[in-house]
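Look for chain A in each of the two complexes below; its partner is chain B in the first and chain C in the second.
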Partner chain A sequence: MPDFRNTSALKLENIRKTFGSVEALSSINLEVSAGEFLTILGPSGSGKTTLLRLIAGFVTPDSGSLTIFGEDMTMASAGKRQIGMVFQNYALFPHLTVLENVMFPLEMRKHSRREAAEKAAAALAAVHLDAFGDRYPKQISGGQQQRVALARAVVFEPKLLLLDEPFSALDRRLRESMQREVRQLQASLNLTTIFITHDQEEALFMSDRIAVIDGGTIQQLGTPNEIYYHPRSITVAEFIGDSNILEGTETPDGLRTRSGMLLRRASSSNSGRVLIRPEAIRISREPADGVAMNQFKGKIANRTFVGGFTIYQVDVHGGDTLTVRCLADEETMFDTHQEVHLSIREADCRPVPRDAKEPRG
Partner chain B sequence: MNQGFQAIKAQAGSLALVSPALLLLGILFFYPILLLFLTTLELENIGNYAQVVSSDTSMQVFFNTLRIAVIVTVVDLVLAYPLAVYISRLSPTAKTFAFFLVLIPLWTSQLVRTYAWMVLLGRNGPINNALVWLGIVDAPIRLANSEFAVIAGMTHILLPYMLLPIYNSVSKIDPSLFDAARGLGAGAFSTFTRVLMPLSIQGVLAGVSLVLVLSLGVFIMPALLGGGRVPVIALLIEQQAGSFLNWAMAGTLSAVLMVIVMITFFIIKLATRLFVRGRADAAFS
Partner chain C sequence: MPHSVSIQKASGWLGNGLLRIFSWIVFLFLVSPLLVVVPISFSGGSYLRFPPESYSLRWYATYFGSETWIDATLLSILVGVVATVLSVAFGFLFALGITRGLRKWSGALEKLALAPMIVPSIVYSVSMYALFADLRLVGTWYGIALAHTVLCLPFVIIVLTAGLKEFDIDQETAAIGLGASRLVAIRRITIPQIRSSLFSAAFLAFITSFDELVVAMFLSGTFGTLPKKMFDNIRLQIDPTIAAVSVLEIAMVVIVMFVLLRMNKGKAGRLA
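Now for the complex of A and B:
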């Protein structure tokens, strides 16, 4: 079996798209490998929907090129691209049964009715809906509708699978199980998948790689780890996870924040800005031991209990207010106004480069 | 028990609300029709039915009326369907403007619009002038006072009755269904036959029945644009009642027309059942 990992499944080069005077996408470059699960993550209005519609073939770019498995598809119609898509609202045909919905793409490809019915039944079995073939979409639940949409999108063995925020309408428990299931199905079919979402947790959980998009450009492309721990810009840092971002001036010892705290770092930088994830800060009654640590004293300003975690706002004496997240522990929970010690490993004080268009200082 | 009583009470309440309208319709509309119909059943008039059915002339007029109605309905359907789809995809502002254009003719008197057609199609009207100027014809041709003029006028006047119900169904279709169909490999034709048509068939059948029934009874257009050359049943009825003062015969012809309309309705109802099957409940509820 050839190793598809090194094959380019989708390649976007210098894609640009404007609507009237609004630039929706500017100079998008993106390459997705065969079998990869890539997430396009961005807030609403970031251009991610336009990018998805452009890959699907519902929108053509003003300039640039789009290649699918080596074939130029920049101007090809949606049907020619062999892309399976799951729409945000599933877009199931209300006048067709579940089975007929899944048969639709096969019938459009001139399969015989019998063959289409057999394949569609197999696809429905793969999403555990074999018993629901005769129902109409309105007669099944939202989660089941989503599975039908998924079966319909993969039944004709498409080259790419596009998922447009498919989980946003589901409740949390169902969403998590659907996310796992989609990931398993995708892996078992080795299907190159492009997933659109604005939910960063979902993106971190599902993806091989994430492309963070904002203002019509890809801000950063990398694995979930890279994106989370090494954000390349303030936009990415603030969009992914919770963060403490401290600004100040660089000194030989480290970064001196405007409020006067000195943060030593593992590696030197001159960005004048440090990112500390809330879970990287240790909170304790007594000063913590350890080398290569930044130590501060402070007072709890606020406590939020969210089940598995407790989130504290801590006013550092002569410094900033830091957000700290730690595993909840009923025994050692700190009270508001309590004096505490904070310790942050030098390696966890990560420099954040400035955005190109951002003014200095 | 109590619930049943509540329901009856609620029904009685709504009946009270519609009773003025019912009373008005009953006195001014239903009663005269009933009276006319009863006249046709009187012993001295009952023979009219046999006379109408056995007469080649009147049967030909009925057939001609039906033929014109079918042509008008088909042309309106072909014109209105794409227009309805087009309007449903316009921006809200453009949509309002489009509806304005559709509804203005509805608010204008039929008589005025018919006279406008007479001017348009006249010997020295703009259409003839254009044809001569372009060299397509040597001399003005007869456009008015013909079946063509009647069909053109009726098609125009009845278009909104086709457009509005179709638009109503088309606009309720989720636009992402068309994207989905395209993405799944359906071409324009398949998207139409497999998605658009089944999902708007109710509006189409409603529009078809409205236009068909209205064109069976149209009077002004054939009278003014037909120039006596286009015999339709409404003219025949008017002639019997107006010129010959033979109310009984006019009533008989009307009764036969009503039967034809009812049969038409029944056929469309049957078609609706056939096309929409049991699916309407599942898909549209």
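Now for the complex of A and C:
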């Protein structure tokens, strides 16, 4: 199979879009490689829906250019772009059967009815719905409707697949199996996919790369690992995963927080801010040994049991309150008010650069 | 306390009873004209009298035997169909416009479109007469049809705008994204789903035109639509023919409504 990884499937350059006086998108630059699964992750109102509609061709930018496989599509109509899209509410046509729904894009492309029916049936088989072609959308479950929408979006071999929060209406169990299935289908078709979501777990789980968007600009673009462990701004750090963010002044030994804790770090920085993921903090009865460790004593302020793991709020003596997450273990669970030792590897105290707009504090 | 509970029960029972009685009174009030018109139409006598002294089908025979009555009916049907087609076509485009591109002004435009309902029909008729006299449209059936189209538009627009607002616009967007033109998307995706609104709109438009008197009096020349013929009939020679005509008209409306209801039911069952 040829390697499309180096081919640019979608390229956005200096895209800008305003609605009235509101700047929905400002200077978006983004390049997606062929076959890649890219997630646009952002809270509601971040501009991610505008960006998706702009890629789909339902919105035209005020300035900038949009290229799909080398072809300038900035002003092309939605139908010309050859993009398959799954809407948040699926937008299945209720007056057509499942098979007719999937045939629709083929008919619009002037395929003969027989050919369209054959291809549509094959697409339905790919999402395990071959037996449901004669049903109407209202007669099948939400998960099945989702698969129909997916089959309809890929049946005409589009250049791009756009997914607009397609899993938000499904319950957790179904959502997870659909996520896996979409990822498999995407990989087997080698289909360049752009996925919109506000759910960071979903983004981390599914994506090759994630573009975190907020305030109409891309805050950070990177692999799930990069985004999670090396957030480039406070916005990204707070949006992805749970985090302890400690501020203070830089000293030769490390960061001295306002409350007086000294955090030694593996690499020096002058950002005045440190990110510690809750699962990077070890909690124990006795002081832990090990080199390159920050050690603190504290008292459990609060305990939350969430099945697979336990979340503690720990008041560090003469310091801040830290959130700690450990794998749940009935034997060694700590009680509220219990004295504990915390240890954090120096490498896990990660500097967070200041946002460009943010004043230095 | 059991005492107050029983009082509550009694008053609830009384309230329900009163409501039921009241509903029946309103219902009787609404159907009472029918209760009078239907027997009179089968009258055997020569006068409008209730209750009729004898019964016969002679007034139905008079209606079907009279060329002027049949001509008036056919003219009304022609005018009604043309006014319906035109008003539904224009009204549908208008409703599409204010639920799509012109959404910002939809509130104002929708209210503006109701103007023909508010203008007194005499005022409207006189102005149409003045306008159509210049355009040489007075005394033509299509002149009446055009004037009726304007009168039908508010009903069509109210019904279709409501239908289109309920329609999930994402489906039209999806169809366009899947390669359809806007026109094809509207034809294949939107129209089938607002079919019941289109039927209701057409029905209301036809009834509005078919039953319209004032405009028809001003704009028809020597000939007349069915309402005008009925009016002339009352003025010149009161006989029970108009009762027979009324019953036929009512029967037609009931049948059309029944058919529409059945069609919508069949569709709703499949989509529910």
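The definition used in the following text is that the second predicted complex is superposed on the first by the 360 of 361 C-alpha atoms of A that agree within 3 Å, B and C clash if a C-alpha of one lies under 4 Å from a C-alpha of the other, contacts with A are read in each partner's own complex, and residues count from 1 in each chain.
Assume a residue touches a chain if its C-beta (ideal position, glycine included) is under 8 Å from a C-beta of that chain, and two chains touch if they have at least 3 such contacts.
Note that the structure is a prediction, hence the values are computed from the model and not measured.
Annotation for the three-chain superposition on chain A: chain B and chain C clash. Of the two partner chains placed by the overlay, neither chain B nor chain C lies in contact with A:272.
Applying the stated contact rule after C-alpha superposition, one finds that A:61 touches neither chain B nor chain C.
Using the contact criterion defined above for the overlaid structures, shared-chain residue A:138 touches chain B and also reaches chain C. Touch criterion not met for A:47: it reaches neither chain B nor chain C.
Using the contact criterion defined above for the overlaid structures, shared-chain residue A:231 touches neither chain B nor chain C, since it reaches no partner. Residue overlap on chain A between its contacts with chain B in one complex and with chain C in the other: 56-58, 77-79, 83-85, 87, 89, 91-95, 104-105, 108-109, 136, 138, 152, 156. Across the complex, chain A is touched by residues 174, 176-177, 179-187, 190, 194-195, 198-199, 279, 282-285 of chain B.
Put simply, chain A touches chain C in their complex at residues 56-58, 77-79, 83-85, 87, 89, 91-95, 104-105, 108-109, 136, 138, 152, 156. Touching chain A in their complex are the following residues of chain C: 168, 170-171, 173-181, 184, 188-189, 192-193, 270-272. Interface of chain A with chain B (complex): residues 56-58, 77-79, 81, 83-85, 87-89, 91-95, 104-105, 108-109, 136, 138-139, 152, 156.
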